[in-house]
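Okay, got some structures for you below.
Both of the next two complexes hold subunit A, though its partner changes from subunit B to subunit C.
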Partner chain A sequence: MSSALENAPAPVPGSVGTPPRTGVASMLSRGHVGTLAALIALLIFNFLFTPHFATMQTLSVNLTQVCVIVIVGVGMTMVIATGGIDLSVGALMAIAGAFAPQIFQGLLFPVPNLYVGIALGIILPVILAGCFGLFNGWLVANFRVQPIIATLILFIAGRGIAQVWTNGDLQVFKVPEFQQIAIGRVFGVPFQVWIMLALVLISAWALRRTVYGRQVLAVGGNEQAAWLAGIPVRRVKMLVYVISGVCSGIAGLIVIAMNSAADANLIGMGIELDVIAAVAVGGTLLTGGRATIIGTLLGALIIQLVRYTLLANGVPDAAALIVKAGLIVLAVWLQRQDRA
Partner chain B sequence: MATAEPFLSMRGIDKSFGNIPALTGASLEVNEGEVMALIGQNGAGKSTMIKVLNGFCRKDAGGITFNGETWSASSPEMAQRGGVSTIFQEINLIPFRTVTENIYLGRELKNRFGLLDLRRMHDGARALLAEFDVDVDVRRPLGEFSTAIQQMVAIARAVSFESRLVIMDEPTSSLDEHEVAVLFETIRRLKAKRVAVVFVSHKLDELYAVCDRVTVMRDGRTVAVSPMSEMSKLQLVATMLGRDLAEVRRAGATAFTEGTRAIGEELLSVRDVAVGRRVHDASLSVRRGEIVGLAGLLGAGRTETARAIYGAGPHEKGEIRLLGKKTDFTEPVDAIRAGIGFCSEDRKHEGIIPGMSVRENLTLALLPALSRAGIVDEARQREIVLRFIKEIGIKCSSPEQRIRELSGGNQQKVLLARWLCMNPKLLILDEPTRGIDVGAKAEIQRLIRKLADDGLGVLMISSEIEEIVEGADRVFVLRDGRTTVELDGAAITEPAVMGAMAHGHGDVE
Partner chain C sequence: MPRLHASAGFGALLALVLIITFGAWRYDGFISEYNVLSVLRYNSMFALVGLGMCFVIMTGGIDLSVGSVAAMSSVVAAYLSPYGLVAGLAGGLVAGLAAGIINGFIISKMKILPFIATLATMLAASGVALLLSNQQSVPASYETNFMALGQGDFLAHAPEWVTGDDAGLLGGLIRILFGFPIPAWIALIAYLVGSLILNRTPFGRHVLAVGGGEEASRLMGLPTDRTIFFVYVMSGFLAGMAGVILAAQFGAGQPIEGVGWELFAIASVVVGGTLLTGGKGSVGATLVGTLLLGILFTVLNFENGMGWISLSAYWQSVLRGAFLLVVVILQSRLTRSAAAA
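And then the complex of A and B:
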């Protein structure tokens, strides 16, 4: 006995309900209005009060800083959509980042020329990170290990693997052709921003329109019901961790390309918390079943912009951390309002 | 000091959710030491009425007096302290904590050092449960016991607060006959102590067994109040539905009518199946175009047998054949591919995906077939959803409405449609009308009959004997995990089914 809706007149099929929206409109749902409004308010504030805000350089700085978080956030949003969490993302970034230079510099095995080396140096580390993601998924799906524990294993061991592999040394390299993936520009915008946008758009579309995307949300919404309806719950869960691993791998490569150095001790350090914060601020339900990748993008932008605003107006970074925490509290509170 | 004012009086209660009115001028009056039945269809406003009383929601208008004073509980805890306790349909206790801890939750006994006095609490819990004929080790975690025991613990807990009014919202839905009898005994004892009881149930027999008066609600209003003995079952149903008595009499108690009975080849055969500790030797069969009833007491192994057929649970022994071929389902998806659909008895936890729309819930299983290269064909999806909404009369504001906002009956229709759009050969329905109001129940029963007439095989588990007797073409009765009797045609009578459930053999052989 839920409500008086029982007594509502039966609808005339075809005449009621909004048809499913398509294109960009479908991706920007009502749930984003608040997040978007906050972002616009921040932008207006900055245009008015922050010196030199309306410059290409400011845009570039902010976008490059947010890129890595958003790319990892794409995978994290999918994992959280199933009701899981992935703590190992930073460690997987370190693994991909530590392996790549050794491949394209030909230290691991001889490569015929630079370009083949770079191609392998991109593909193999990403696959490797995906395999580690598969390990996470295998633990979660087959042994029903709680996601926070399952991914804690690689959170601890993953960075260790990268460090042992490189003897903890900083690998400096100068391969501009490889570094294009981060710092090359297309239409004046860094290439990594294009990668980020492509990933966001593809995955947002996939979550909405593909069978797999809907199954991810169904599993997060009610796992038992999904299983009884014939959804391959184990495979669905396994795959979200692989996706998260692949996204982390890509992010790891971007980080080393930006720095022209790979330091297994530092790549992706502490990023998991920034990413989870972006996902939460973006409006994805941390208990699963409702997820928005566009929201994650907006969430990451808001967190970044708040930090930038404070820094540019002379507030120290340490204080910015407190504001960031406040944002998360606000986001969680808003989610609760929505559910009540 | 004796006034005409009743013990509990709720008058002119209004309550809206958003702009949808749930209650309009509803009233409820209960005297001291009286058992009041509160009935109505789903969506009639019973639950809302209870929630207003126990402080779970705030009323928009109206007045409540209780025990001579104005009543203004703003939370269930406050209501409990004020002498009103509620036993909810779903058990809300803590499965990992012991039975004792659950009973004393929030009012633990302490010794003189301020520490928990476990011994006194265990003794108290044992004594309390003994009153209910429940003999369990109170030091074990609650979750280890059956649902029925858990329900009894919940009832014992609620009663043990020195309550002056106890609200029971479908307390018997997970109890077996004996436990129901014990519960009724408890209600009578409460009555003797001048405690008032509000009893909500969909099972009419229970109301007549234990209630003094009845309040009938419909569309958020109180439409009738009468002594139980002055209202016949048919009158009761008619008032609930707001229909003419003669019409209901013509339609029968359930909506199952004699079908055309074009019964075909054997679809499913289950031989000597054993599942865990519950099922030892279950056998049954379903043919094309027939409804097969699976009857038995709570814990007789009906659900376990059904889940084994569907691949949702293992079976250790015996064989299951579908269209003559031995099946080897390890996951529900295997059974679905073979043409079986399954509606769980637990709609909320194993059926609906609450946050998703009617459209998505309806096409959940069909999704792979609705797609090209993994991309959902939304136009076709929408077309199918609209067709089923119309065909089986799902009441929703739009296909995009979230399913959790629908009434139980409409949720069940969506779940049936989830399988019907797959064109299954066999449908397994575990308690298809549990917790569904009379009107929607009749619609669902009619739908099941029609599906069978169209050639579908249906295996229907039901705890309502009427539903089995009137609905099924053949009946198998399980008792303690063994198939005891198969009844066919005219041999299906209430005494025969009940006899088989109770003694393991039908009175009519």
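And then the complex of A and C:
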């Protein structure tokens, strides 16, 4: 319960306490100091020692690689905030990614023109992924199946569905209009980065300032208490899995748009680990009740930068895995020390 | 409450019997010696991993690292296989044991959630495996008898009167015993020992007590931290054993094998009726669960062989998922009706 209180929004006017912070300051709470410091230290190290670090290209490469993880991480943070977990994100990305090309190429049903096709090819797969998310939420909320098991079902079966549907074949397409969602640039920044930023800002705001956001944290902090307080626990839980599904769907579309091909065997493979690591490093409490979307963004950036730093300095990718493992344990351990 | 887990385990056994009967009725060669032995040989690895997972889950934890620990052990075992069976076996087991000790330490001493701790060691173990093997599979030595751990049996040691053509029914049965693959023997012995540990030793009772209520167990003076530590050590050890068998069965250490093993193991534990919340469970039912999931795959292969339908290998994961869904929903119903009663 105390963790839910820590997250309380602006204090009642006139009461003693910290003054309400606004704008960016309100989103960057005290808990981010450590994460931010680690990120800055990494950046400084790279500026000093990594050749060609301070170039637009490096920035672009790192941002595009982190985008998908952050977008999925937004949904994952919400799920973890309720004390749950979603292992099925990679599989849902594969489902959305496998269906989209068939829709905008008019293979499933005739589409009147390219733009309607693309619109449907974006909307329908995302809705589909959301429906699969709803299925996860339904299992968790109605059958009280542990989240790790409930989402394990689609983790196993979801990719299979996408593979069966496409027969495991690679679908190559060349539709530049669709691919704009990943590689198009606005003010020189890839469009997918804008999507990521929009999702992060909206959800960070929603988690802090909306009734639903508070309910998510309350359920994660103490489900029983939340229920007694009249919060519709089931509905709250179900919806976070839908959000996670939708985020995964969007991420799946970005991946295929980047590659101009959809491969159900590979889209989002193993991403759940990267995403959970980002959420953990970002400072979201894995037991629920305290969550920070901005933290997830920072966490993903840290993990990506660590990987990049190691690679750019000649350390093999396999060793980077070990470093990532150490990082996760360290971050969660520090979290514990912080609370104690 | 014991009625609950007995009934879930019984359900899995019934399903196993039904599916075997169905297979035997529908497909030629389903219960042929060749098919039975290859199913046993292949699934012995999953059975070992599932046993470790079963103990971990009974304490209310989870071990996501088993697959990559097995992969790491297979690499170590393959490297040491030229020095003989014992060296390869010992190397693989030590690698698994080390991973288990690290897991146990992080979880019981640093108090980090099992799920996140083993996620980290999963990454680390696969990193170690890739580094050691230079990202390639490591051929195991055919010069020594290391391969026997994965492919061998005791047929060569069988008396002559059971291997001959005129062996008769009794001789034939004994012959099957001798022809039983060595990895399956290892799994069988592991399950017997596991069952004894769970039901007949203080440690086994502590495992269930900790799973039933960690805080209550601690207040009662049970060594909860030590119990938790040792279940992860055990799981690592068994994953190491599975890795040794993996290397011996496929003739190479496989740094990228083992992906998804943890989920397969969790699924077999759940299918066997062990409660995921801990505190209850059965070792035997986990074996049944492993065989059930393994045989589902075999049935699918045979069905494809019949030529009526052509289900790609991708259906396997869809069916496994659907199967898990049914079990999970049934378990949830059972748990609730037991709670209501």
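Everything that follows uses one rule, which is that the second predicted complex is superposed on the first by the 326 of 340 C-alpha atoms of A that agree within 3 Å, B and C clash if a C-alpha of one lies under 4 Å from a C-alpha of the other, contacts with A are read in each partner's own complex, and residues count from 1 in each chain.
Criterion: a contact is a pair of C-beta atoms (placed from the backbone, for glycine too) under 8 Å apart; a residue touches a chain by one contact, two chains touch by 3 or more.
Only a predicted model underlies this, so the values are computations on that prediction, with no experimental measurement involved.
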With the two structures laid over each other on chain A, which partner does A:280 touch: subunit B (first), subunit C (second), both, or neither?
second
Thinking of the overlay built on chain A, is A:185 touched by subunit B (first), by subunit C (second), by both, or by neither?
neither
Of the two partner chains, subunit B (first) and subunit C (second), which one does A:290 touch, if any: first, second, both, or neither?
first
Examine A:232 and indicate which partner it touches, taking first as subunit B and second as subunit C; both and neither are also allowed.
first
Quick check for you: in the superposed arrangement, does A:164 touch first (subunit B), second (subunit C), both or neither?
second
What does subunit A use to touch subunit C in their complex?
85, 139, 143-146, 148-150, 152-161, 163-164, 167-168, 273, 276-277, 280, 286-287, 316-322, 324-326, 328-329, 332-333, 336
Can you list the subunit C residues touching subunit A in their complex?
62, 106, 110-113, 115-117, 119-124, 126-131, 135, 260, 263, 266-267, 270, 276-277, 312, 314-318, 320-322, 324-325, 328-329, 332, 336
Given the complex, residues on subunit B that touch subunit A span 17, 20-22, 41-47, 219-220, 310, 312, 331-333, 336-337, 342, 344, 349-356, 360, 364-365, 367-368, 370-371, 374-376, 378, 382, 386-387, 389-390, 393, 395-401, 404-410, 418, 437, 440
Per the touch rule, the subunit A residues reaching subunit B in their complex are 1-11, 13-14, 16-20, 209-212, 214-215, 217-218, 221-222, 224-232, 285, 289-290
